[in-house]
Every structure is written in C-alpha cells, then in structure tokens.
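In the two complexes below, chain A is the common chain; its partner is chain B in one and chain C in the other.
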Partner chain A sequence: MTDNFSRRDFLKLASVGAATTAILTGCGPASRYVTREPYTKMPEYTYNGQSTYYATTCRECAAGCGLVVRTMQGRAIKVEGNKNHPVNLGKTCVRGQATLHGLYNPDRVQDPAKQSKRGSRDFSNMDWDAAIAVVADALKNTDPTGVTFLMGMAPDHLFDLVSDLAKAIGAPAPIRFGALGMFEARATLGKAVESLFGQAAMPFFDMGKSDLVFSFGANFLETWLSPVAFTRGFANMRRGGGHGRGTLVHFEPRMSQTASKADMWIPITPGTEGLVALAIGRIAAEARGGSLPAAFADVDVEAIAKSSGVSAEKLDELGKLFASADAALAIPGGAALAHSNGLETAEAVLALNALVGGLGRAGGVFLAPLAPMQTEFSRPANMAEMADFVEKMKSGEIKTLFIHGVNPVFELPKSLGFEDALKSVQTVISFATFPDETAMQADYVFPDHHGLESWGYQRVAAGSSQSALSGAQPVVSPYYNTRATADVFLAAAASVGGATAQALPFKDEVEFIQSKIVALVSESDGYFGAPEINTFTAYFQQYGGWWKTVDELATPGGDVLGKAIQVGEARFAGEGEFYFHPFVSPVLGEAGANKPWLQEIPDPTTTAMWSSWVEIHPETAHELGVDNDDVVLITSEAGAVEAVVYKYPAIRPDTIAMPFGQGHTAYGRYAEGRGSNPADLFGEQVNGAGDLAFADMRVKVEKTGKKYPLSRLESRMGVYGEALGEEH
Partner chain B sequence: MTTELKIPEFSANFAESGQQGKWGMAIDMDICTGCQACVAACAMENNVPFVGEADSGYGRSMHWIRTERFWEGEFPEIKMTPYQPMLCQQCGHAPCEPVCPAFATVHSQSEALNLQVYNRCVGTRYCANNCPYQVRSFNWRDFERPEPLPNQLNPDVTVRRRGVMEKCTFCIQRIHRAEDQAKSEGREIADGEFTTACAQACPADAIVFGRIDDPESAVSKLARGSRGFHMLEELGTLPSVTYLKAG
Partner chain C sequence: MVKRFMSWLSDPLGRIGLLIAFLAVFSGAAFGLYTTQTAPPQPIQFPHNLHVGLGVQCLYCHPGAYRQASAGLPTETKCWGCHQQLSKYADGTVALPAELQKLKAYVDANKPIQWVPVAQVPDFVHFNHRPHIAAGLNCENCHGDMSKVTVAENPQVMNMGWCLECHRARTVDNPEKRNKLLDCGTCHY
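Right after this comes the complex of A and B.
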C-alpha cells in the first residue's frame, strides 16, 4: 500500500477489486460472494485489522437509501450511509442501523422447508433441487391464470423478474403491497396529483428550501416515504438557507414525533384536515388580494372552525401566516388521508401550494422524477385492489400463490380475511427470510437471502430530485442455506423449458440484473459512465447504484385553482366514543419487531420499549378509571384488541392512538407475543383513491382489570409526577 | 540510556487553568428530530448489549446515548421540550472521576477524555451515582446475545461483562484509528476526517464532532455561537459537549 492512501481510496480499490475479480472469473453465483472465514484464516485480500467496505441498498423500507457496510473478514460489522447516494447523502435512520440484527437474527429461516400442515410449524427441510422442482411444477402444472405473485415494495429487480416471468407463462401481473405504503397513503397521493396536475406521479416536496411548512398528518420525520431525505430537508429548512429559520406547523390529533418538532401543533379533529386546508386557502387568498380562486370560493370558514375545533382566530392567523411566507409549502399525508374524504383532503392541501405559487418553485412542490429505465408512475396496490385479490382467493380462482417481501397476514386488516382466504389457495409458497405469520400459513418456505446478502436494485420513488437507481450487492456471503428468490425462479423457469425458459435466458440473478441495467451504459449524464456492461456493473456495485447528476424535477401544471374542491365530512365507522388514530411505530416501522436492539430503542415520544401501548389523555384515563400500565380492551366495528394504557398528555381527549408494528404471532423470539396489532381493528372502508380509511374509526375502551408493566426509559413517576402523590 | 517519561503532572485545579479538551461535540437541539438513529448507531458500533423487556423496565437498559424530552403545560397548550440527546459529556472536571476507588474512571490528560478502564472496574457504581447527567450504565448481568448475533460485534471494541460500568467513549476506537493513520503519514488529524458513530448516522446532522481545540473547526464554530450552552453548567463540570438552544 502506498503512503498516502485514504480510507476512501481503500474502499474504492477494495470494492472494485472484489467486483472485477468476480466478473473475470465468470463463474456461478457462489464465486460472486466473499467467503466468510475464521479470523485466523483470512482471505488474501484482507489485511490484518483492516475493514472492507461494500456499497449496497438498505432493505428495511422501500425508500432505497444507499449504505456502505463495514465488514471484517466476511462479517458485517457496521452500517454506514453512502455519502454519494442522492437519497440519504451518507446518513441512515434507526432501522437502517439495526439491519444487522436482521442479518444475524437467531430466528432466520435457515433451510428450504415443507410444512406438514399450514400453521403447524412442523417443517421438514428439503434440498434446493427439490425446492426448485416444486416451483417449476407449480409454474408448469397450474393453469397460468391461477398463478399469482404477491410481492413487497422492495426489491425492484425481483419484481421486474417476476413481472417478466408472469408475462411469459401468461399469469396475471404481480401484485405489490406493503403496510408502509398503506399508512403513507401512496395511492391517494398519486391520484390527487393526477387529478390536480393531470399527470400521475409521486409529488416531491422541496422542504429544504422552504421557510414555512404546513404538514397535514404527514409523518415525514418518522416513516413517511423517505424519512432520511425528509429529515435532511427539515434540518435545512430550520437552518434557513436564505430565509431565516423555517417554521413547521403540523396538524394531527396526537402529537407525533413529527408534530413534536413543530413550532405549532394543531390538535385537529380527525377527518377535518381537508376542510381546514380549504379555510386556510380562503383566508390566504383573501390576504394575498385579487380575485378569490374558485377552489376556495365556496368555503365557509365559520363552519369549518366549528367542526375542526380550530378557532376562527387561529384559522385566520394560520391563513395569513401561509400567505405571507416567501416559500410556503403544504404537505398532505398519513392518517389525514386515511379518511373517506382523504383524496379530497390531499387535493385541498396540494392546492394550497398552487395558491402561493409553490408549484415548481424552490421550496415548493414538484413531480418526482421517474427512476432510470422506468417509463411510468407505479404504486403498490391500494386496499380496494387488495380486497378484490382476497375475494379472488376466496373464490378458489387462485391456485398457486408465491409470496415474497411482504407479510399480509400481519399487515392487512384482519377483517379482510386474508388468512382465511389462504385456505382456498391450493399451494402457497413463501420466500420469507424470517418466519413471519404469512410463512407460517404457507405449504413451503424457500428462504431468500437477507438484503445484505443479496444482489439487486431499487428504484428511488420519492427521496431524490435526481433520477436514481439504487444498487445492491452482497456484503457478506449467505450465512444460512438460503437462496436468492431470483435464482430459484430462473432455475425453475429453465426446467419448465419452452417459452418460459426463453423469456428468462439468464444463468443467474446477476446476469438478469445486467440485462436490465445495460440500458444505462449508453447514458451520458450519469454519476459515472463505462464503455461496456461488465465495467459498468463493477462501478454500479462500487458506487451503490446509478443516478443522474442533474435534477429532473418537473413542474406540476394544470388548472388547479379553477374549480371548487369539495371536501365532505369524514364518515366514521363504529359507535365508540373515541376516535382511533393508528400510526406506524417510528422506531420499528412495519417489520422491525424481530430486531432486538430496535425493540430496546425507546419510542421518541413515549420512551416505551419492547411492547405496544395505547395513548390516552390523562383526563380521559381518569374518567375511564384507568392508569398507566392498566390493560384496556379496545373494540371497533371490525374487531377488538387489548393494549396497555400510556397516559399521553399531548393527545386530544376524544382520541386514542396506537402504534403499528407489534402484536406478532410469529416472526421470531423477539417479536412473537409482544404487544398488540391495531390492524386487527381496521375495517374495510376506503377513500376515493382506494386507500384504506384506517383513521375513520370510532372505538370503545373498556377496563379489563389486568395490568402489564410497560418498559419505558422515562421515569415511572409519570409525566406530571402523579406517582409521587401529586394531584393532577 | 535513560528515557525521559513525559507524564503530565496531576493538577488538582486544572479546571481553573482553563485546560480545554481536544475533542468536542455540538448538538443542535433545534434540528434534532429525536429519531433515535444515533442510539442505534452507537449500540452497533460499541457492542452495547440489549437487556430485554424486564430489565429495561427496571431501568437497566445500557444506552450510551439517549434522547430526553420533557413536557411543559397542558393540553391543548402543551409543548414538548426539544429533544435532548444525552451522552457522556466528557467533562473537564468530571464528578465521576474522584469517587472511583479503583482508578477505573480516570481522566486522560493527553486525550482530554474521561476514560473507563473496564479491567480495573470493580463495580462499586459510585461513578454512576455521582454523574449529574445519568449517562453511565452498569452491566447488571452478562446479557445474552444468542448466536449468530455475536458475528456483528465490532472487533475494535471490548465486550464488557457483568459487574462493569460503561459509558460513551467518544468512539475512542475511531479516534485512535484516525490518530494512528495521521501519525503514520506524519501529519495532524484534520477536522472532519472521522467522526463518532452517532454523528455519522444523524440524518439531520444535528450532532457535530471534531477538534474543539481548533478554533476553525466546524464544532468550535458551532459551540461559539450565540445558541450554545452546557448542560448543568452551574455544576462547573466543564463538559466537552455544547448544546445549541432550540427556537
């Protein structure tokens, strides 16, 4: 090694070295991996005490943040962010950091296995040849219209492969779903953008250059769309590039982590977010002068003040504030859109941006660029589509179901009956890395590698102003006898033969990925270029993906303010006396519960660990006769769950809130039997875009007499010191 | 041949002498979002064990860094105080040091850090009692790490066992690595050349680590700003961590 050799140079050399070696040898997938050796017997390219760093893509959610993983002798030691990656610029969130506890989780599925009876957990191991024969048989001998692929929101390369496979055998296009997509209300955002701007796209919020952000329920600092990118935007907004310190106003019935960072938290009546946006629009339009746009012309501010619980004076203050800012930005998202009027709410909030000239203005709203090679906006299935799918399963139309990257038994509303519907499917094959609830209801589990052991790519949907394709490569060799699902499908397709084999003529997953990214080799405006595909692939691995060097944000157009926006009243299901406000656990996300360190990380607002809870205002709790650590029964129209009371001082007294992420009945020792799942309470009501109206719920709360001590970091003396005997 | 050892004199009043630490941290509470990425990053970097539901309920969790928050007022006028990441303040005049009977909690004059020497620690927990910031955590048990989780352990950091006190080290393994590298190249460590695990992960860049003895470093500039203050300043502990007031 030369004298002046920075870590970065070392990194570059190490990863290019590894990559080119693999390409030159040109062997099967096994030789593409770094082998894990005991510390006493090290591969020749490692130096004593020196780490090797590999760039890859985080798979804890679908945002596609770039990671650089530090490895020592084939062990993954530490996750760091990829500084060059346009989504996260070297940063990671809490879930990304803990991804190693998924990789080395003691409860991973270790071998391909057949379950004697669904739900029995009696698995007998198979070898991979037998497993591939099962997949090939299912592809060959099922009527193709009865074959369905149910995929998660990541990874995209596998979704592309499965789409090609489905087309080749004549099966319906694969279905994608993820609980985060449901809680984010992605379909609603896409549809609102389409109906306002005439073009379906993911909106891009340029928060970093804004000086005033009105967030209507969007939990962008927690799990919403691309939290690391939004956190950077928030920090830049606060630092105030050119504007002075930016202000955040957040509308939500409960003080979420995002709301806790707001300068003004407005505890709005659930379901009135769209109405309040209209009132603010009208007041802002009046304050700005000129003729009143049609979108806000019919708005009755007094009536809205009454229904929303936000006083007319407050609305006036907010409207004038919004009108007077240099670069105001309004963001719709999360539970605010999960009402029957959610689509209209999204439209009303997006229209606020048009009012203040925020469309296509720095610090305003843009249309996010499509990822490289992507031709049109795509989104995961909404709840209406999932309900159709479950109906199809129930009717016996679906004979073979392949499931990868999603855990619908846990994530879908229990009332949808997915678990029951599975009984009408002849063959269920899960590719789960972890023994999740859905895998426990499958006939076969053919485990995929963990994300850090996998090749792949992920399209960046929301977090970057540059068009970006995030690349993944194994940072360690597979720890268990798992196999890439892509390789399983490719081998199965080859053994099916005929048109199916011809459609997927790839030796392995890497060759398939190369066949897709080869289209980028000729592009000239990328972060790097290469004369041919093998060199391009090496760079793709080294830099952790490919992205354009220039922003490709589009300015939304259309006559946004020309027609009136009608936001109806939210229709709540159920007779209970409380509004129910579910939210995704900011620490666990949708699938973090099996990682022990994530379980022990305190929830930012309540500091609770290792369980779930229900947030109840202290006075409401007093009226109900319950205290901290009392277990209550929450009943909705669709179901009932028990949860531990946490007296939360920053929630509306007429609302109770519960995190999503716990309540697993499988998924390994750290997740199973811990807390409860609010999805068990969800009904099937959807909004105008087909997204689940999970916040349109009224619930009953009853004392059970049971107690459960909730572990929490904060003092157990209570928020107001009530355990010290102080009267509240 | 005689070797002259340069051992710094112990000085009872070095606090008054204005000795400044070499490493410092600035934490901007206005942009800290409480996301806990620092907590996870620290645990992964420093082999911090998880203790499980029951022990964490008894307050035995081992976080070297935590985000604190308090409440002010009542609904609907309630405010959450800004998230306050709390970690060892690496005091220049540390209350934990003089109470240790085993010299496990010692001050490094050369590094200007509070060291915790695990193989000297006998577990009296006097230091934790005396720490006004409550940032020391004690290994009440040999906390279990089932196979294959130990594969993730960082080989640069000692794995502590039962009966030993531990706390934030400012990622001293990273400091030493960077110092060795700089020394082998015959130069001083440049500001920003490396950083602690918490600062590296922080998505908001609210945590900035660097050379506080260099007035031109990013951390020095932040610490000098009008929003800067020290936690429990009135105790005279001379912390190396400067917080920047929110709002």
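Right after this comes the complex of A and C.
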C-alpha cells in the first residue's frame, strides 16, 4: 500500500463496492425469460422432460446382449443392459456402452452415394429410388451364380432375408465372416465338438458353477464369444456357490487381461497348449486312479515339459490340481487354437472335461441350445472358405458383390489379397454405416441405419443356457438419409418382380421380421406368450426378444476318451526369431476404433491409448537395443508393419504381441491413420478346421530409428518402474 | 485519500458529480436487470380465446399437465394437423392470415417455434402439474380465463405466498396434509 492509500482505505472501498453490487443485482435469477423449443414432430407417447426407454440388441459384436436405451426428446442418451435378458442380465461391456458414439459419429455415411472410381473417395450423392434401381438391376441382370452376398456376424434377420433372396434368384448362399469369429476360432470349436461328441454345436461352458477353470488361450473376459456372460460366470465362480472361491489358471504366452485375473498365469510356449493339455490329462488320470484312458495313454510328459517350457513339477502340480477339483472345467479358445495343431488342441482340452466327468455336469461342458427358429448349428466362414471365395473373385466368377456388416479389406489377412480380388468384381455395393476400408473400394455405398436406429433380431449362439432370440428395434428415428438394407433388398426384389418378388412379398423390414417370429407365437415355455402375432411383436419389442424360461443345455455324448488324441507340433511359418502373438484389443474389439470413448480408454494391461503397440519383454528389448516408444519394423513371411515398442515384463522373452483393432486407412477421423494392423502380417496357413493359424508365425524385429511417443495413462516409468532414472 | 475524498464532497459541485455518477451506475444496472426480467415477444400472437371459444380443451394441446411436471407445448404437427384441414384456406377462398403464414413457414422448414414461457417459477422451485390436476384443480384456477386473452398472460404473480395461501386454505381440516403441503421440501428439493 502507498502513503496515499492505506490498507484500511482499500478494505472500506472494496466492501462498499461489494455491497453496492449485491444490492443492485438483487437476489433474483440472472435471466428470467428463456425460450422453449418444442418438438416439431413428437411421438404421442413422449413426454417433455421424461425419458423413454427402449429395449433393443447390441450390435457391437454378435453375442446378442440385450440393451435398454434411455432416450430423451428423441435422442439416445444412455445405454444399459436389459435386466431380463438371459445373455447379459442387465450388464454391458464397454463396447456396448460406446455404441452411442457410433450413432453420433460425425463421419457416418449420410446419403446413398456412387463413387466415381474405386478408392478415389469421390462420392456423388444419389437418391434412394436410384439406389434401389441399382440394386434391382444388379439382381436382375447379373447371372445369378455371379451374385454373392458377404455378410457380417450380425444382424441375423438380414442374413435370413438375404438367404431367402439368394435362394429365390438362384445365387449361392450368403457368406458370413467377422474378424472376431476368426480370433475366437469359432469354426475350430464347432469342429472339435463335432469330432469328439459326434454332433456339431457350440460348446457351453458353465463357468459359474465350476470351482477350477483351466483356460487355454480363451480370452473370455475380453472379447471371446460372449464376454459379458463369461464375466458373470467368472464372478459367480469367484464367489463360489457351494465350492468356496473358484480358481482360474490361464495358459497364454502373454499376460492378457484374462490372464491378469487368473490365480496362476502359465506363459506357455506358443503352439504347445494341446500338448500341455494332454500332459495334464495324463497326470490327472493317474492321480484319479483306475486305468489310463486311451486319449492320454501315449503322452510323454517329460518331452512336453521340455517343449512347452512348463516344468515337469509344474505340470504335475497342475494335473493333480485338476484331478482333485470338485467341478473342474477346461476351456480352449483364441490364439491357442490358431496353430496348425489347433483343432487337435481344442479336442485335447475338451477331453480334459470328459476325464473329470465334466460333460453335462454343473460347472462343466454342455452343448449350447440352438436359438429359436434355428434348426442346425451354423458358424461364420472359416479362413479356408474365405480363401476359396477370394479365389472365385479373382477368377472373375463373381460379378456382383453385396457387402454388409463386415470390413474384409481391414479384417482379412492382407496376404489373402481381398482388395486386389475386388478389382475383378464388376459391381461392388457396400451397405456400410461408416466409411470403412471396404466401402472405399466399392462402386456404391448405400448406408444402412446405425444399430440403434434399426429393426432386427439376433440369435444367441453362446452365452445363454436358454434358447434365446434377441430383438432389436429403433430407439431413435434415423438421423440421416440412410435406409435399412433389408428395406432396400425388399424394394429391389419387388421391382425385379417374378419369382423374386413372390419369395419376398413383404412391404417392409418389420413385416419380414414378423413373418419369421410368427413361428414362436405357438411355442410354450416362453418368457411371454401372446395369442397372435401383433401382440407378440409388441411384447417382443417391450422385452427385447424372446427366450425360453427353462435351460435347454444338452449333455455331450460320444466316446471321448476311447481313442488317442494326437497333437502334433505347431508348424510356424517364417524365419524370424520371435513368436508373433496377435490378440484382439480388449477395448476396441474388431470395429471400435472409430469411437473416441473407446480410443480414450486405456488398454487394461498396458494403459496405452489412441494407438497400437508391440509388446516386447524388457530383456529382449535390451538385446535388440530398443526402448519404449522406439518404432520397430516387424517382418513376417507375408508382410511387414511398423509398431511402437512397449516394454512389457509379462510376456515370454521369445514372443512379441500386438493388438488388433487399429491401423485403419479409412473408417473416419478417429480411426484413420492411427497405429498399425497386425492382419497385414498374417499368412494363409490354416488349422484342421480351416480357421486361420494366425499365431503360427515367426517374425523378425528391426529397429527403424524412428520414435513415436505412445500415449498412455500410467507413468512413463513403466509397469514396474523399470525405467526409473531414465529420461522420459 | 479518504480525507481528500471527504473534503471534495463538502464542495457542492463534488456532491452533484457524485449524485450524477451514482444515478448513471444505478439506472444502467436497473435497466440491465429489467431486460433480464422482461419477456421477449412471442413468435406467434397465438389467440387462446379463439381456440377455447371453439371448444378445444386445454389438455388437447397441453396434455403433459395430466401426466407429468411440465404441461408441455403442442408440436407443430398438432397445430398444422388441424389448420391444414381448414378448407377456406386450403382452397384459396380466404388468404392465409399473417399469423398462420408464420406457422406454415415453421412447418415447412421443420423448425421448432421458439415460444416464450409465461407462467414460470424460478429454478429452485420444482413445480409439478400432475398433483394439482389430480387434486381437482382446473387450469383456469391458476392460469385465469383463457377465453378472455389472446397471448397467455398471468392473472397473478406466481410467488411463494400465492402458492402457500392456497395450500393453507385447502388443508384447514387436515393437519397431516397441511404439514406435507407446507413443508419446504415439497417444492424446494
């Protein structure tokens, strides 16, 4: 304070000022009058200021979880699980929550469009009448044997419609594919069940009632089959209904999110999972006494201990643990089956369940029930079938290709040459909601609604002990000039006329769906019943689907242990010094990269965000002379990608691992140009069930000298502070 | 400094100057305050009297009053649903009046009409229409006779005294209900 202006003067003036301000502004609201914007078109059942809830089905993967979406004044604002739904009982995973970011994604395809030249991204908008004329023309004027529908694993109602359409015009049956199905090794599971139990079906693992789970590569807490259902099963196992706290032992070369939840993580040599299962089977059989079953009779435990890197003592401990449990369960899945010996591995692991009486026992293995309206087990195409399909495309046999719900340019191994093969197809029509890589290589993009704007149903393949059909309905009106692909096909079929129109005599998608679910009206044991189809449809929408109230699990039969199981050595392709272990990003899944919420969520094991990385053991990194954030070039027999090093202590030193989900060259602003795609490294080697042996790879790692600071949540000192003292 | 200020105040010119300065600040603030408390003009001069006179029920356009907190404003589809059917305008015998032309413009552009709420309570009051209707009150008990006004007007100031007056009067013989209806938390929560 100066001589002229004392502290006391300042306080006096300040308080006078404050008092004046308070008196002048009074105690009233700052602004009393605002304007209100009513709806221009409000649904009759909507009330101002009150939320409306709609039950529907999640489309972020094919598991078919039920959702209840809260909407406010015509906008979807929150996704929750449907409490009545048998798959998820009110829960969702992170990808389900983020489905809103797909709905509001600024990069959605907003109008039907024609691309001047494939890959040019020079789109000119069309109107829907012209778009339907294009589809109708393709259906009418192409040799039907040259028309192919390539569909994603969801939604099922569209697959059914397209199957009917293909039959009507005489085209080959539609092909289904999804990267998750490939990483889950669905075809291998189905084939192993068929060859062991004599009946093709999806296995159902009753984890909740088990007290000991041996998981061979199955990332069931991340993306595998039905992660929300398995997470519930895992929680129940941990709580131990009658058993005490259950135990999880996980076999995988790297510590995945599932492995990090396990009591024991066994960093097994890639490709030896089946052998280890056999060794455990033999030791368990001996521990249980009685005669040694043929399945495990010829097993050489010492040799397996040597090749798998799991010591004989450890194998002995694990075998005795498995034999002594009340309700032991062994689960095969994921990368463990993605080896040349994958099918035999799946059989060996499933046979473990038979050894301890786990077939059809609570806490054991069952055959999953078929969904309502399903007559036989179906699975997505395996890699062998996809390779055949690509060959057909290359030979020019396929003239018109319709693609919906799948992004094969990104998801299939680059070495398969799908993108090149597309050049031999005369007309490619994509129904993509987002501008994905495949849509960029199409002649036309006729955008489907987002899943939350769509009608539909999804059959539940795994994850429910009840036979279940999950129902979908729009929770908001479509935001853009998109149209349901089912409606496009129905309109096109009608304009084609003749037998095609007769096969699909429906005025719209809803009428088609009703024509399918009408078969359920007369069913008993349903969660609800109705005397006729319209009431039934109303309940179907209200409850979010239809399911049986009783379990319909079947007990697997067959002489499982009677014949020897031969698990050969995995044949690794390539000359490199490292095993390559790709895994699906637990956060992004196969198609989450365009959702900023998901990009922003730290990976559960590395906390990395907004990019992809390669996990290298710190000692290996030291030998290679690379450090965190160094960019390395990974070369396989089939290709090469660059990736940022993440020093990860929880991985085998002879293995490197990389997440799948990033590396998009299209797919909108949040996905494009971020990270790299391990599918570029995949070869074409398949296992006995035709699934891609993506883990059967040896790769080289070279320093590039470049650096890329990886964004991550944790301190940059590393997981265990191993970089303390270094400059970061 | 304060001493110098005080000696300056003893000068008449100084006092006049201070008065002018105070008036300038005060009137500026008062005007600013006044504008925040004054309703902007309604986008359409809606004739309530005409509609009520034709026998349209209040709840036809404001159905929320029956079910929820907010009475709600009718959507344009509701307005235009009736108005487009008026044959004298449809067949061109009578030109569409100015106010209806405004409505048609909103409907054609699919733009919401920015109505200005008339009966309003501050943010810290949680008013709910539904229990008032359920208690047997009619719309005109609070909002006045709408057959007498064009654009809605408030017949009284909607302050807490007015609320409590009615809450007291209607619970004379029911002490339990009176307790509930006079409780602060009934409206301020």
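Rule of thumb we're sticking to: the second predicted complex is superposed on the first by the 677 of 728 C-alpha atoms of A that agree within 3 Å, B and C clash if a C-alpha of one lies under 4 Å from a C-alpha of the other, contacts with A are read in each partner's own complex, and residues count from 1 in each chain.
Heads up, the rule we're going with is that a residue touches a chain if its C-beta (ideal position, glycine included) is under 8 Å from a C-beta of that chain, and two chains touch if they have at least 3 such contacts.
Keep in mind that what you see is a predicted model, and the values were worked out from it rather than measured.
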Touching A:His101, do we find chain B (first), chain C (second), both, or neither? first
Could you tell me if A:Trp597 is touching chain B, chain C, both of them or neither one (first, second, both, neither)? first
If you stack the two complexes on chain A, which partner ends up touching A:Gln50: first (chain B), second (chain C), both, or neither? second
Check whether A:Phe580 is in contact with chain B, with chain C, with both or with neither, and answer first, second, both or neither. neither
What is the contact status of A:Pro267 with respect to chain B (first) and chain C (second): first, second, both, or neither? first
Partner chain in contact with A:Arg712 - chain B first, chain C second, else both or neither: first
Examine A:Pro227 and indicate which partner it touches, taking first as chain B and second as chain C; both and neither are also allowed. first
Both chain B and chain C touch chain A; at which residues? 4, 39
Quick one: in the complex, what on chain C touches chain A? 1-2, 25-26, 29-30, 33, 36-40, 64, 67-70, 72-77, 106-107, 110-117, 120, 122-123
Counting only contacts in the complex, chain B reaches chain A at residues 30-31, 33-37, 39-41, 43-45, 50-54, 56-57, 61, 63, 66-67, 69, 71, 74-76, 78, 80, 83, 146-155, 181, 185, 197, 200-206, 247
Please name which positions on chain A make contact with chain C in the complex. 4-6, 9, 12, 20, 24-26, 28-42, 47-50
Provide the residue numbers of chain A that touch chain B in the complex, in ascending order. 3-4, 7, 39, 72, 75-81, 88, 90-98, 100-101, 103-106, 221-222, 227-228, 231-232, 234-235, 238-239, 245, 255, 257-258, 260-261, 263, 267, 479, 586-587, 596-602, 604-605, 607, 609-611, 617, 649-653, 674, 709-713, 719-720
